[in-house]
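Before anything else, here is the set of structures, which you'll find just below.
You will see two complexes here that share chain A, one where it goes with chain B and one where it goes with chain C.
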Partner chain A sequence: MELISPLTGLRRDGRREDEIRDIKCHFGVAKDADGSVLFEQGNTKILATVFGPSDAGENDDDDGDLDLLEDPSGLECEFKLSAFSQQDRRTGQGDDPRADEYSEYMEMCYKVVMFPHKNENSVVKVTCQVLQADGSHLAAALTAGTLALIDAGIQIKDLIVGCTTTIIDGKALVDISSHEELQRLPQVTVGVIARSGEIIVMDMKNRFHKDLLNPILAASLAGSGKIFEEVEAIVREHVKNSAPNFTT
Partner chain B sequence: MDVMDTTDADEVPKRRTQQICIPGDVAFNLTNQSMKTVSLGPGVRKVQSDIMATRVGVMQYRPPATFFLSTTGDSYSPATGDDVIGVVVKRKGHEVSEQTYVVDLGRNTGRQTGILPILAFKGATKRYRPNLKKGDLIYGRIRRTTPDGPVRLTCTSNTNQSFWGPLRRTGALYRASLPFARRCLTDGSPEHDMIQQVGVRVPFETAIGVNGRIWLYTGMEKSQNLLYSLFRDAEAAKGDGDVIRKATVRVVQEIASMSDDIPLEDNTQYWVTRVV
Partner chain C sequence: MDLPQINIEIVAVRTPDSGGRDVEMEDVQHGHAKGRRAPRNQEVFIPGDVVMDNAEGWMDGHGSYCSVLPDKRVEMLASVAGVRQIFTRVVVINPLKSRYAGEIGDIVVGRIVQVGRKSWTVDVGAQRHAVLSLGAINLPSGELRRKTEEDIGFMRGYLKEGDLISAEVQKQSGDGHLLLHTRSLRYGRLVHGMLLHVQPKLTKRGKGHFVSYETFGVHLIIGVNGAIWIAPTQRQLNIPLGLDAGEQLRQAAEEDYPEEQEMYVCMTAEEAGKFGAKADEQGYVVSATRSTATPIATLEVRKCMARIRNCIEILNREQVPIHRETIRILYDASRKYEPKELLQPAAAGEVFAAARQDLWGDSADGTVAD
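Up next is the complex of A and B:
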């Protein structure tokens, strides 16, 4: 089936090219974590948890020179795709190679907006686990992780938001679902600081012609902007509802 | 509480306004103000002439030049000068004069501990000092927080005030949220008034730690339980003054009219000589 219906001009889920999916957030779902959020973008559901800042532990002196190579940023990120998240259960012989890559992307993003810790030997752990995979996993993870950091009260400079875009017949589709992901079309995921439009991370899938880059990128930024608007409104609402619990 | 939704940079207001901020929000723009030095509290940073939020909360301004963010965050972050209630975990060290108690200050994850020298109590000497066991409570002040060392506590003070020190074991420890504990310490808040009102009719002791721990002691079993439940109801009221007032009146009545209260037996001797 085609991605865009020739009859209605709509996508398979009824959206237009530039429309994003419904976003819902439930904060504080994981009671044991310092910060957590169940982030839903359409049918993609991600549980993001933040632990920290906590003691990073002693440096293993047996490493020798490798201590210098260790990143002192105090941030550890993990992206996990649950075995039950997709249509077929992934028993997974090993780790999904993309998981490591996505984890690195998350680290790159959050490092930019986080402040160096007051304590030298402390670490913040951000984990994004995809519970239900319906496309735009990295993008949703980037957004979810930011929200979890906010829930944990960790100081950040600004919000990071992710968006995955694809392009077909010259039309850029924003916030793609898994059906649209599996089409082997050009895909670009961006992690941006939405307010300034600054792109921190950009991931490309499936080779495509460079002429397509600008339209895809422009659509990504526009899509990120919309996602940020939604997320911003949700966060402000959440704060307002917790307002009685502030000090006067 | 008057909560405004403005997200544009405002001029510094003459009166207090409450502005919801998310990280990256510019709450105030100071180009038109003549503030030479600006005092920044938690959750806020200054980017050129903008006051920007780094967390989620309500931006506060206190004249002449103080800005900070009120947050619901329930994770205590030790800061110098904070009065906290700690739970003794163990005792470290060999030389008596260098020994310290490792004290838990409470955190969601990753236990936050501080160290308290065993002689850092008012009037303590090598031979005569508190002998604290695991689980004992102390009320102390955070003396120092350094990036590469443990948090240092003390129970001594330069003034003659002697309320720092171990807290009676028979008291009750109420675990509160940070905002609730802060409100109890804020003049004029319903929670603060509640404490004052109870004190008019009921003799009791309380220690409020900004790390979210409140210790209560009346010395009598039933009244202590009632007092504990009053604090629990007050926190559940989430700042609603009417609810708190009604609960206070009810509890005070009940305690004052009680005739069959059982005294709590407290045989613990904290201060001992010649401790092994």
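Up next is the complex of A and C:
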């Protein structure tokens, strides 16, 4: 079945090419975490939790490195795809190389916007657990992680948002669902600093011609802009609603 | 200011700000249900927002940072989501939630995580663990002297991993540790009570961190770090404070009860069985061996403790500052329920609604009068 209806020009879920899915957030869902958010982007659901900044303990990893050479950012990220999140229950045991890769991407992104010297000798742990997978997992995890960091009150310079885009017949589709993901089309995920539009990570899937890169990137950036607008409004709303009870 | 008005205000405030987005009915109803007060003209910032476009002569406090633009202009931006506050020339953004940041003189409740060579490492819920050095405690004997090698050897006898203590922040070390001391009879190991964690921002610094409700027989230690210790009062239990509390208790138990029939508190019958003890008619008091013997608070006192705990939980959920008065108000409002019923959201909501008026008094700005 085609991704875009020739009749209406709409995608299978009724969106236009450059339209993103609905975004919903519930803050503070995990009581024991310092910050948490249940982030929904269409049918993709992610539970992002932040623990810390808490004591990093002694540097006893025994690798013989000087403390100075150790990663000073004190950031640990984890991306997890739940076994029950997809249509077929994932039964394979052991490591998921993609999850490790995604964790790495998250770390790269948040490192850029955090203030490492303010968290010296302490560690911040960000975990994104995909509860329901419907495409754009990495992109949604990047956005969800930022929101959890904000909820935890950890200082960041700007928000990180992610967006996954594909291209078909010269038409770029932003924020793709799992059905669109399965088509072996060119696929690009970007993690960008929201306001400056600076791309921190870019993940490409499937082979495609270099001429397609520019339109697909442009669409990704436009898509992340839209996601940022949504997320920004949600965060403002959340702060405003909690602010009245604020005592200073 | 009465409730319906407030809700109308919320809707009015929200609509223009939500821009092109629809104001969801659900949100509005949520506002109704909680009866949230209308925001005072507080400016809300989220990370990356410009707080001041020309920050020359201003200082960036917590939650804000300065960045130099290409044209040499200094811009101040927010780094957390929260409300702006200005102190003379310092701009601070108060985040909704944050970890406890210690200050000298704070009374904290923490848990020992490590016994070191000359100090204990204490988890107080801050960014880094706090340190209680051997030199900063009163010896159980009450003796004032230099600590010797022998004391170092006996450190685990004073406090071991997992023990709870109350302490005061003496100073902050250069690398960000808090240094604690327990050089007062008020501080020391905590036994026979329960611990509750609340948001640290609700337990403000002030005078009343040690709260005794003599009528209930309950004693509270409200740690600035958000850890609250609830225990029967000394009079109820004859509980000595200080590091040798455990030892003194054991002695007291020996005096109070004959060896065969020592008293010990169990919450469940299974637990009692585990110790090879038998429950009495009430199912609470059982006899056990001397090593586990503790004096018992009466059922009444234990119920009071449970009620206070659940009341604090409600205050925490509703984000009301937690101190002697607010706990008292909620306690009084909750009397028609059993302590355990307060755990149910419906009962909790009703109790809070009943206590609202008293909590906020007539102050229109939504803050609790201290």
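The criterion applied here is as follows: the second predicted complex is superposed on the first by the 237 of 248 C-alpha atoms of A that agree within 3 Å, B and C clash if a C-alpha of one lies under 4 Å from a C-alpha of the other, contacts with A are read in each partner's own complex, and residues count from 1 in each chain.
We adopt the following convention: a residue touches a chain if its C-beta (ideal position, glycine included) is under 8 Å from a C-beta of that chain, and two chains touch if they have at least 3 such contacts.
Predicted, not measured: the structure shown is a model, and the values here were computed from it.
Trainee: Just from the overlay, do chain B and chain C fit on chain A, or is there a clash?
Mentor: They clash.
Trainee: Based on the superposed arrangement, let me know which partner A:241 touches: chain B (first), chain C (second), both, or neither?
Mentor: second
Trainee: Is A:195 touching the first partner chain B, the second partner chain C, both, or neither of them?
Mentor: both
Trainee: Looking at A:150, would you say it contacts chain B, chain C, both, or neither? Reply first, second, both or neither.
Mentor: both
Trainee: For A:33, select first, second, both or neither according to whether it touches chain B, chain C, the two together, or no partner.
Mentor: first
Trainee: Figure out whether A:233 sits in contact with chain B (first) or chain C (second), or with both, or with neither.
Mentor: So A:233 only meets chain C here.
Trainee: Determine, under the contact definition given at the top, whether A:158 touches first (chain B), second (chain C), both, or neither.
Mentor: both
Trainee: I'd like to know which partner A:54 touches here: chain B for first, chain C for second, both or neither.
Mentor: In the superposed model, A:54 contacts both chain B and chain C.
Trainee: Identify the overlap between the chain B-contacting and the chain C-contacting residues of chain A.
Mentor: 34, 52-55, 113, 115, 119-121, 150, 152-159, 195, 232, 235-236, 238-240, 242-248
Trainee: For the complex, which residues does chain B have touching chain A?
Mentor: 1, 3, 5, 18, 20-24, 43, 45, 52, 54-58, 70-73, 75, 108-110, 145, 147-148, 177, 179-180, 182-183, 186, 188-189, 238-240
Trainee: Touching chain B in the complex: which residues of chain A?
Mentor: Touching chain B from chain A are residues 32-34, 51-55, 113, 115, 117-121, 150, 152-159, 193, 195, 232, 235-236, 238-240, 242-248.
Trainee: Okay, in this complex, where on chain C does chain A touch?
Mentor: 13-14, 17-19, 21, 27, 31, 36-40, 42, 44-48, 63, 65, 77, 79-83, 85, 94-99, 123, 127-129, 175-176, 201, 204, 318-321, 366-368
Trainee: Quick check: in the complex, which residue numbers of chain A touch chain C?
Mentor: So the residues of chain A in touch with chain C come to 28, 34-35, 52-55, 113, 115, 119-122, 150-159, 194-195, 230, 232-233, 235-248.
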